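Both complexes below contain chain A, partnered by chain B and then by chain C.
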Partner chain A sequence: MFGQTLYVQWKWNRDFLAFYTFVAFTAPLIILWVALPHLGLSSARELVRIGGVVGIAIAVISVCAGMTVAWQGYGVDERVGHMYALSLPLTRTQALGMRAAAALALLSVPAMGVWVGSVLAAGQVALPASLHSYAGSLAGRALLAAWLAHACIFALRYSAGRRAKVVLFALAIGVGSLGFATEAVPGARSTIVRAAEFLISNPGPFGVFFGRWTLIDV
Partner chain B sequence: MTHAISIDDLSYRAGRHFAIRDLRMRVPNGSVYGFLGPNGSGKTTTLRLLLGMLPPGDGTITVLGHDVPRGAHHALARIGYVPERLHLYPMLTVAETMRHHASFYPTWSATEAERLRRTFDLRDEQRVGRLSKGEAGKLMMLLALAVRPELLVLDEPTDGLDPVVRRDVLAALLDYVSAYGATVLVSSHLVHEQERICDWIGVMDGGRLVAEMPMHAFRSGIKRLRIAGAPPQATPAPFGILARRAGPGREEEWVVRDWRDDMMSWFASGDASLREVVDLDLEESFVETLRAARDAGGRAA
Partner chain C sequence: MSNRLLTLLAIGVAFAPAHAVSAQAASRDADSLLRRIRALDSAVMTRSRSVDSIRRMLVRPIPNVDIREGPIHVRTDATLAPRVRNAVSSVVEMIDRRGGTLVASRASAHVAVIRRDSTRSIVGMLPVIAIDADTTTRWSMIGERQVRAPASASAIANGLAAIVEQRAVQGVDSALAAWIMVGRAPLRPASAVEAADAYVEYATTESAVVRRCRARDISACLDALGVDSAAGSRLDRWYSVDDYRALVRFAAPAREDSAAVAAWIRCPRDREDAACAIAARALPNARVPLPLSASVRFGFLREVLEAGGVGAFDRLVATPGTVRDRLAAAANEPLDRTVRRWLDRLEGSRPHRMSIDATLVAASLGWSALILGLAVIRRTSWA
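What follows is the complex of A and B.
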């Protein structure tokens, strides 16, 4: 069952996966090749900065890959009115679990591209003793970020259109209210900032998006 | 008699203008149940409700002993479903679609699937998205039959197919039913096709089941009577009066159901005289049933 679900998703998404894998593989190499001629002999600070640029590029690519695979994965069912998926003898939980696992497996392909590209890119520079390359953790972070982005878009698209609008509207109202509260309610700012920090810092639910994305660091 | 499908007091609303109301339906085990009704009468919605694809507003649905929608996945494992339109993934080939489908059904018969593929003249490498309407219909029927289901739910399975493909699809269906004794619920507005294959009939109109009876009762029990000196409307009759229309002179034309020949004596007891009993074919019976239901609905409103 899972193998076939994975196969269907692979066949439907493979062009996009190939594109993102290629981009994820080449991005670190290109950024370093462009930057290398401009580096000083021992510019550790420059190397860290370039490692950060690679990290940001990989973050953007990963999130885009996750969102695209989720959008596409929904599209194959939407195109046939969801009738086939609904007629299979599965609980909704089983079906969603298989989709999530298939997404993790598929998104590991661009993550592999990140890892290989990053290893090769880091091998192009002689790192000072104080710096290290983090190709493995960058690839792992890319996979998690892509999967989380996939989950968000997948959940939103699989809600009925009306429900998705309600969720988006509620989010907009919520964010707007918080913005207003930070200005209008005394003492609210620090509470809201703490809550936001919890959401976007590790081990918060969206920490993977906002943590330190870098290929080269101390 | 046990029932493959039991529906009680089912209600469902879709938008402002369409609703299924207080639906009660029984599909006997081993029957071929024809689900008739005009377009938009609620047949497809009812089928989707009993497969757990839509959540009912109210009422209970039991399919093969499982409560739906809660236990729909148990029921679906024993059901072959053919929807009215192609519902398969368009980028897969025929062979890939069969492999994919097989992986979800432990009862899948690879031998039967291969036999049907040859019978239907489908090629393994054909992409589903490029199949003709007839080929798509045959592939959906293949998938439904190869899982060796106890219940087949078919939504307009031959609609839009040419006569040759229609004959192939119906032949495969009837072969399967005669071999395995499966129950079939087949929705259609093709009355003559239903007449050939069904032994029970349910007529749906405006979200209500307006008639449900064995096919022989539907076929032979609905008559058009020509009566002179008809009694007033209030007189209780041993048969159901679907419609009364004025005829020439003092004559009236009645359309009745549950008619038996021994009921002629009922007319002899009064002033009325029965001039003629006319057999209706299934299509006329269907139309008269619908007309009567709509008249009754109009009067109630």
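What follows is the complex of A and C.
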């Protein structure tokens, strides 16, 4: 049953996955190709900066890949009238669980693209002894970020249904209001800042998004 | 009618209109005077407000709570007093541990004021806790420090300690002040961020002398830190030909030297090594950038003071001679040993920013599973 779900997910998402894998593979190569021979950036400090640009590009690609796979899966359900295989001996929970697991497996494909592209790109650069390339760490972060982004959008779409956009908008307004409140209501500032720091730091839910993303570092 | 009566009548007729005209003129004069008085009143009110404002600025009421511990004397208000007491205690402890008699005497010569204040923000005014270096704010060389309210005792202590650090360097001789560069003494311990930044700079600086320093050439380290000056120009001592391209990104030749400026433009654009060399060689000796920044130098001074313990700063200021002699006297040991320890500490502060530790993996997977689980167990319809 899981194999069938995986196959169906693959059929639905293969175009997007191919696109994101291709972009994730080529982004490090293209950025280093532009920065090194064309812009002439070759000092250690500049290499660290370029590595950061590669890292940010990979972060964006990973999050987009995770969100797209989740959004696409629900989009198919929506188009066919929110039906699932009632004829199969599966509960909704089991079907959704399989679908989520299949999506997580598929998201390892762009992460592989990140790893291969980063290894090839780092191999083209003569790094000073004080610098290191972090292709494996970058790919690992990309995988974790893609899974987390997928989980967030999956939860949003399967919980909120057609109200997903409204919920997303309300969340954006809420976050913006809290940002405004840090200035407008000084008494609440420390609480809001502490909460935000928890959300975006390591044991927090979005720590992987806001950590260090770079291909080349000290 | 007699002539006499006619004459009186004529006089009466002649004066009657004259009286009316005079009354109108008097009324106009009164209006004009009133307007003038009002204008002057308005000016006086405006000026008095300005005078009040200046008076308040010059002679602000001093808060009534007096906190005195060791060399630190602070005035604050009753609401801030408990936190300020804790802050003062930690600053006194810092002075005892890392300062000395000089730091203590300079700190004790002034009365800091800690009070509530406000500052402009993008949405109106924001409450802050202002830390003034002295009661006579206007005459203090050290600017007011502000901590966002509500502030913890450690945040207030940090602001107060920064003022003590600045106060410690005030009045030191120009040679030492020029070497320190940052205008304060490193009495507080380095934060993790400062240590990581120092390592990143040490590891990524394109400079021959820093590379030699990394290879444990102590004299190169001292040269890079500006402690010892070896013979030769700065360019030859600090940078090799391979570093010129990176160097000319930060320094430009004098604009009068058109050939050098043209080479400076060609160096990054055409990646011509010869052009980079021309641009670098055209830099006046004084404009060749220091290989290590003031913050790294500050970190080294911190190492020196830590090595010297209590009284190290006193010895640094009081010892005559070169900067090297003074640092060695402050550290109370041969400077080579201090440099080696500083290098060890610097190497040890390498930040592992890209490592994926187990916590990150567990937290990321756990939160993903939790979010997915919440969606999956929802029992309502798919729509």
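In the analysis below, the second predicted complex is superposed on the first by the 185 of 218 C-alpha atoms of A that agree within 3 Å, B and C clash if a C-alpha of one lies under 4 Å from a C-alpha of the other, contacts with A are read in each partner's own complex, and residues count from 1 in each chain.
Definition applied: a residue touches a chain if its C-beta (ideal position, glycine included) is under 8 Å from a C-beta of that chain, and two chains touch if they have at least 3 such contacts.
What you see is a predicted model; the values in this text were computed from it and never measured.
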Fit or clash - chain C, chain B, common chain A: fit
Partner chain(s) touched by A:F154 [first = chain B, second = chain C, both, neither]: second
C-alpha centroid angle, chain C to chain B via chain A, nearest 10°: 140
Partner chain in contact with A:P89 - chain B first, chain C second, else both or neither: first
Partner chain in contact with A:R45 - chain B first, chain C second, else both or neither: second
Touched partner set for A:Q4, first chain B, second chain C, both or neither: first
Partner chain(s) touched by A:S190 [first = chain B, second = chain C, both, neither]: second
Dominant toucher of chain A (residue count), chain B or chain C: C
First, second, both or neither for A:W12, with chain B first and chain C second: first
Closest approach of chain C to chain B (Cα atoms, Å): 6
Intersection of the chain A residues that touch chain B with those that touch chain C: 83-84
List of chain C residues in touch with chain A within their complex: 121-124, 126-127, 148-150, 199-200, 203-206, 214, 243, 245-246, 249, 268, 271, 350-351, 353-356, 359-361, 363-365, 367-369, 371-372, 374-379, 381-383
Contact set on chain B toward chain A in their complex: 51-53, 73-74, 76-77, 81, 83, 85-92, 96, 99-100, 103-105
Interface residues, chain A side, partner chain B - complex: 1, 3-4, 7-8, 11-12, 76, 79-81, 83-84, 86-91, 94
Chain A - residues contacting chain C, complex: 40, 42-46, 48, 77, 82-84, 92-93, 96-97, 100, 130-131, 134, 137-138, 140-141, 144-145, 147-148, 150-152, 154-156, 158-159, 161-162, 180, 183-184, 186-187, 189-190, 202-208, 211-212, 214, 217-218
